[in-house]
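Beneath this line is the structure, given in structure tokens, with notes to follow.
So that you can tell them apart, the chains are marked A, B, C and D in the order they are listed, and the count of residues begins at 1 in each.
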Amino acid sequence: MRQSAWKKRRKSVSDQWRLLVECADQEGLVHKITGVLYRAQCNVLVNHEFADLNRSRFFMRTEFSGSIARDAIIDELRQILPPESSVRLICPGKKRLVIMASREHHCLADLVTRCVYDELDAEIAGVISNHDTLRPLVEMNGLPFVHLPHEDVSRDEHERQILEKLDELQPDYVVLAKYMRILGPEFVKRFSNRIINIHHSFLPAFIGAKPYHQAWERGVKVIGATAHFVTNELDQGPIIEQQVINVDHTHGPKDMARAGRDVERMVLARALRVVTEDRVFLNGNRTVIFD
Amino acid sequence: MRQSAWKKRRKSVSDQWRLLVECADQEGLVHKITGVLYRAQCNVLVNHEFADLNRSRFFMRTEFSGSIARDAIIDELRQILPPESSVRLICPGKKRLVIMASREHHCLADLVTRCVYDELDAEIAGVISNHDTLRPLVEMNGLPFVHLPHEDVSRDEHERQILEKLDELQPDYVVLAKYMRILGPEFVKRFSNRIINIHHSFLPAFIGAKPYHQAWERGVKVIGATAHFVTNELDQGPIIEQQVINVDHTHGPKDMARAGRDVERMVLARALRVVTEDRVFLNGNRTVIFD
Amino acid sequence: MRQSAWKKRRKSVSDQWRLLVECADQEGLVHKITGVLYRAQCNVLVNHEFADLNRSRFFMRTEFSGSIARDAIIDELRQILPPESSVRLICPGKKRLVIMASREHHCLADLVTRCVYDELDAEIAGVISNHDTLRPLVEMNGLPFVHLPHEDVSRDEHERQILEKLDELQPDYVVLAKYMRILGPEFVKRFSNRIINIHHSFLPAFIGAKPYHQAWERGVKVIGATAHFVTNELDQGPIIEQQVINVDHTHGPKDMARAGRDVERMVLARALRVVTEDRVFLNGNRTVIFD
Amino acid sequence: MRQSAWKKRRKSVSDQWRLLVECADQEGLVHKITGVLYRAQCNVLVNHEFADLNRSRFFMRTEFSGSIARDAIIDELRQILPPESSVRLICPGKKRLVIMASREHHCLADLVTRCVYDELDAEIAGVISNHDTLRPLVEMNGLPFVHLPHEDVSRDEHERQILEKLDELQPDYVVLAKYMRILGPEFVKRFSNRIINIHHSFLPAFIGAKPYHQAWERGVKVIGATAHFVTNELDQGPIIEQQVINVDHTHGPKDMARAGRDVERMVLARALRVVTEDRVFLNGNRTVIFD
């Protein structure tokens, strides 16, 4: 994650911290890690650990307060942890989002409301769309709207334009809030594990296009939505959140889509809450979420 | 439960009726059908209709009371309905079930309790299993248990033995309550639209074997169960009921299976409630359920 | 949204109709009512009936299309129905809402989005608030915001001011979207059965002030929200919609309130969907909802 | 909890342990407690902590394996913990339940199935009932059924008889599975925090008798069930688990009761799972549940 002036600003604020550790599992890790914090006279507020015995991986998230020397703490942790551990010591603050959308408003409008009214620990750096439809919604909230049409440009050129804009906006996360185009491998690689998509089905059911039509054809009694990290396998990335809603024989594909919109906005909002509060770890193609 | 002259018993009892009509859609059907009942001085208690505009099919279920001449009413209805209509005039009463199971107890035990204590409008004519494991559970409830092992016989011969037993037991419906073998086309044909299966996933996700292992591999946050009619396409028959339950990263495949068992028994019981109360119509590969 | 000749507009548009009948229960009502429509060559699309046997009341909602003489149909219906029946023949169209709110944004913002983007069959005639906090949210959507502070005026005078404004705005329904003051009997009477409130608990639990604090004190594992019609008994009016969400010991009152906000906006939106689509009947202090 | 021959048996089995600590909150507790286990070369499998900042109480549950000297570990823990801490070091094993029921079968039948088939970490020492109705269900499972009628004896004498039987059966927990009588203060005191009741409403709504009738009168759209510890205030004890189910205007009190039975058995089974796995702490009139 590149550092910007914007980021420095949030560094100085407080003595609240989030420690995120991921490493090979071994005995005594909780004791050793909490020992570092205890000796530094930190006050642990919340603590979560998980050991994945299949993959022998250990995950820990700790919220604590204290006046610490950040780099010293990290050094000390590295000394007690196994090699190749991941240690992140994060000062809580708003994450910076760029939202990509196409023509549907519901997820975007919900996220804008939540960010503007501090329901999500995030701020929207800008909205990028391949259509101009949602400009009024974005601009009336005083947020930058960037229209990058996909017509008359190659896919590569279109993605190059988006990446250029993203370089400028410096997001922590890119959120696909009903962005209806598939992103190429180069794009995904550039924002590895930092692109979050809302898919309008209970994955892995109804992968691909027109999931509500597929769901109706199959005659399901429950439809869902899935928020997941984007990888290069379509609709196959690690799942963050899923919810469902009941439907019945009176629901045609359009009714299912209507019912589904409420699930979609809820699922995406919940996924972003845990992501922006640094509660999500990747564990292979799965997620560990401390909530 | 004594094996009695059950079919006769349920014919004579009462003046309560369920009328089930399915036909090509056309105008005025509700008016015409209720007219037949009104002129026969029947008292309509509940009425449900649905017109599938895609397939131009009309479905109606009416509960009414009255001292009627059953055949005369059916004749009169046939005269006002389009050709090739389906008209069923059913006297409410316990449906007769044969349950097929393998080694898992949870769905079977739940169904036995519900039938014995009149929670379901059904009685169990017998339980057929390819294992001997569940015999005590069945026999202590005074129900016939038939062990038909699948070892040392061909698949065809095994199914022939089961069909022979079913011919004897005369079920209205065959319930696969965790019966872990696939039934052949001849078998399915014999009980067309009368075999109900509980599948341990939110279909169409995780079709086939080991769905909980598949779900864990995929890292889903919600698991489910599906009750459906059995057709010759594996796990593709019309869905009757689905429900889900939340899981998280601490659930391994075994924990998912444990959580899933509660969903399975609930979903199968709900499906059988609507089936035994004659609330389910088939509509192509979907169901119409009036509840 | 421009203040236009909206009432006229929705009268003339289409040959789509909603018939709502409520009357004393008697035999043959469905047959007689559908007969009137059949003879007028109307095409019934959806039909729902319910007979409350305790109160001997009959409720019916029918969607149909046809070029009808509206008054003639109503006359004909009155002739076949019992005395003192209620017959409404409504041309579908946007209902006109006035929303009252105090300082919390979440329900209001959600309703504004849904109305602006045609997710709800409603338009917002204006927003009235006893605070000025939510003005930007309302005005940036081009909607009238009326600030009527409650300080320095008597309760009666405050309500008189609001009623005056409502007389001007002519709403079909008044929606209390987190309006934190209790309305007097005169006010409620003026908009009898037309005021809808969202209460932040699973009524009848936690009636009155600070429901989330009450819920936390009681140690509940599930919190909820209730949308209901307002009557002169506080939090006792007919319930339209309720939903709940799981909480646990880590949720303090503030966390419960945060979790609850998502249930509140969802419950209010669902309640308004059925209200604006004319799906809700009052049945004593209960509701009959055809959905 | 009194020690019995039965209890000694389960002590010797394994090197799996559950440590439950409750004490005044102070800094470094996790570090100190895990230190004791680390130095004893125990392998921590799962760890949960919670600090209630309102009451300044700390709760911790740890599953670990190791060949330990039980008393030595407890001594060592007591030295590092604040005074008046509660330390329990439990060898996992089946909890011993006595179930009290009246005439309704559904919760009892579900618990019997779960205990017999090892779905719950519990065994049923016996069933006590004020009616003889459920005897066959219990005895066919080879479990003792004790009929203690409440007619013709005083309330005190009736409870004395039950207590005498409980003294003999030596349960870890007494489960009220639809036992329809209120227990006196002496009784509750004897099994303080060890009596679990299933109440057929979403408490605190519909306290007292006939909750489904109350719910129907109020016109709720959701009904629920609550499992809670019994205290001397009726329906006011600490809540363990709650769930709900949707209902609508077609549900009379009997239909609500039917729908409610499924919630009741599910809620009671979930509550007993966390109780028997030593996952539940009392925290004033609330519970802390590590699951």
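Points to keep in mind about this one:
We adopt the following convention: a contact is a pair of C-beta atoms (placed from the backbone, for glycine too) under 8 Å apart; a residue touches a chain by one contact, two chains touch by 3 or more.
Source: prediction; values computed, not measured.
Residue numbering shows that chain C and chain D use the same positions for more than half of their mutual interface.
Distances between chain centres, each the mean of the C-alpha atoms, put D farthest from chain C. Averaging C-alpha coordinates per chain places the centre of chain B 36 Å away from that of chain D. Centroids of chain C and chain D (each the mean of its C-alpha atoms) stand 42 Å apart.
Chain geometry summary: the mean Cα position of chain A and that of chain D are 38 Å apart. Listed for chain D are residues 46, 250, each touching two or more other chains.
Only residues 46, 105-106, 109-110, 113, 117, 119, 140-141, 250, 258, 261-262, 266, 269 of chain B touch chain D when the two sit together in their complex. The residues of chain A lying in touch with chain B in their complex are 50, 52, 54, 202-206, 217-222, 224, 238-244, 248-250, 252, 283, 285-289. Chain A meets chain D in the complex at residues 27-28, 30-31, 34-35, 37-38, 41, 43-47, 49, 51.
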